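Each chain carries a letter (A, B and C) given by its place in the written order, and its residues are counted from 1.
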Amino acid sequence: MPLRDELRHAWVVARKDLLVEYRSRTAIVSAVAFVILVLLVFNFSRDPTAVSSIDLAPSVLWVTLAFAATLALNRAFQLELENQALDGLLLAPVGRGAIYLGKLVANLLFVGLIELLGVPLLALFFNVPILPYAGPLAGIIALATVGFVSVGTLFSAMTVRTRVAELLLAVLLMPFMVPPLWWAALATSRLLGGRPLSEITGWLKMLAAYDIVFVFLALLLFPATVNE
Amino acid sequence: MLLADRLGHSFGAVRALDDVSFRVDAGQTLAIFGPNGAGKTTLLKVLAGLVTPQRGRAQVDGGRRAIGWIGHQAQLYGQLTVRENLAFWASLYDVSPPTDLLARLGLTDHADRPVRALSRGLVQRAAIARALVHDPQVLLLDEPFTGLDRTAAEAFGRLLAQHTAAGRATVLVTHNVEEGTELATDVAFMRGGRFVHFAPRAGRGAREVAEDYRHAIA
Amino acid sequence: MRMLRVGRWITAIGLLLLAGVYIRALVFTPVERLQGLAQKIFYVHVPAAIWAESAMIFVGLASVFYLFLKDPRLDRFAEASAEVGSVFAAIVLTTGPIWGKPIWGTWWTWDARLTLTLFLFLLYVGYQLLRGAIAEPGARARFAAVLGICGMVLVPFIHFSVYMFRTLHPMPIVLKPSTPSLPGSMLVTWLLSVGVFTLLYVGFVTQRYALSYLREQVEVIGDVGRGTGDR
């Protein structure tokens, strides 16, 4: 199937997912509530005289985003199983790759929205100035997000068929989440510490390599998760 | 238009399909009856290409684009309205939904309600509309009458008759011999993954077919 | 079943030889000058680490071939290799701290190699959990293969990233480009130990493979006995 058709169909799938989410808004509301709760817990569990917030902020940011995203990722395939709509998708003259890409795009926009709301909250609660670094910070977040969301989307197509979907996805995804989060957290702390940009380009390259490898791999492997 | 060639498929030790062969030509409607667990759903999934058979080969002229499918479940998104659902499925086939489809299934008044808010029968009608949205050449129907009241079943019957009259093919599977017999040009009985009877209906009514079914399955 | 017996024999011989290697290590191999007796654990630790990592590669390769050939034997092998790999990873994770306490003065550090093994162990755990959560054999095999391949691809990424950090861990002394910087008798003992662990890997995997074959047979018989729902 021509690439243009695949991309168009992927967008059709993604748009439908976002419309479904827009109708109920339960997932996004609970994800944002979750982010706020995690930030609160972090704030109360630290000793402000011992650890400065600027040192803690990168880890808090990435731990919060990782957990919120993991909770959100099952949603994409859960809604396909509700009325066995997935069978309809598989039957339609649409490549498996387009279905995966559609789900990936919807998940990325969804997690992106959580991040868009979560990062300013972090800046507010932890009194971290992020505005001077907004551009590079957005770049780090975007690169890391693509990495673990691409793997998470692939895995969620498998875990939704199990009884313990949320928990299993978290367990499967964590080893894959840690490398990008690790690099992203290191890059973030350098960035917020006011170090020159040239110091983080190495991390950004690693993140980009991870993204390319796993998006490609997931596209190749996705058919095996849905074909019988 | 549709060919099944020595299909075989097992789940573990259970033979869901055991050497099933048949063909359905333009203008034919094949009704397959069988008890639960006879392999009917597996057969339809193999024909649709949702399950790759372990043995044999299934072929539908025109491929996936030509198939309209009604399964056990509606394959509709609960939060979206009937109209939005149809628009979504149509766009996957790069068509726009036929304007009279909703009217023919008596869904006009319910088109802008979310599917989740509809009754069982209305959901089934919406599922039928979904299957017809791209004007398929071959219809594969798995217990399509479930949940339909008499009026809706008759309306659906008329749609199927039009479909067949237009030179298209239908395969219908059900465990209820009362359903769909009148629409069939050919009748098959299935048990333990095999066809135990396969013949033209040849004027038999629902009652005669039911009689034959009891003999063949017993 | 013949395969199970063969596996048991290989394992028994492997364990016997392991005892032999240790007698050699303790009695006939010189004590390392700086580390003392603690160094002796190295004859278990390093071969186990080698096989913990190699087992993941084998899981990944078997998974790749499974997705193409759909041969249940490949799936069974991947399952067996993953279970044995997790055992070896557990050996590494227990012997590492035992060695680390006297030498580094701490049970656990976020040292590169130890972290890598912890990741491996978690991957293996996830792999087995996923297998346990899927009842249908075909789907179980496909899903496990997807995870196995991803796991294999992840290993080099972890490798690379953990090595970008300064590490307390002794640098590889045997597998390095220049000639091994290990005294001859230690090297021989170590090589023997690697051989023994290879034998143990083969023995464990053979047994585990035979066991999953038998379990499949039982599942098949169970299916016939129970009958299944609408298909």
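Criterion: a residue touches a chain if its C-beta (ideal position, glycine included) is under 8 Å from a C-beta of that chain, and two chains touch if they have at least 3 such contacts.
Quantities reported herein were computed from a predicted structural model and do not represent experimental measurements.
Of all the chains shown, the one with its CA centroid nearest the global CA centroid is A.
Ranked by separation of Cα centres from subunit B, the top chain is C.
Centre to centre, using the average C-alpha position, subunit B and subunit C are separated by 50 Å.
A separation of 39 Å divides the Cα centre of subunit A from that of subunit B. Distance between subunit A and subunit C, defined via averaged C-alpha coordinates, is recorded as 31 Å. Counting partners per residue, subunit B has no residue that reaches two or more other chains.
Residue positions of subunit A with contacts to 2 or more other chains are 227-228. Listed for subunit C are residues 138, each touching two or more other chains.
By the touch rule above, subunit A contacts subunit B in their complex via residues 5, 9, 12-13, 16, 19-20, 23-24, 79, 82-85, 87-94, 227-228.
The touching residues of subunit B, counted against subunit C in their complex, run 11-14, 16, 36-37, 39-42. Only residues 151, 154-155, 158-159, 161-164, 168, 171-172, 174-176, 178-179, 182-183, 206, 210, 213-214, 217, 221, 224-225, 227-228 of subunit A touch subunit C when the two sit together in their complex. The touching residues of subunit B, when paired with subunit A in their complex, are 45, 48-52, 63-65, 67, 69, 71-80, 84, 88-89, 91-94, 114-115, 130.
Residues 136-138, 219-221, 223-224, 227-231 of subunit C are the ones touching subunit B in the complex.
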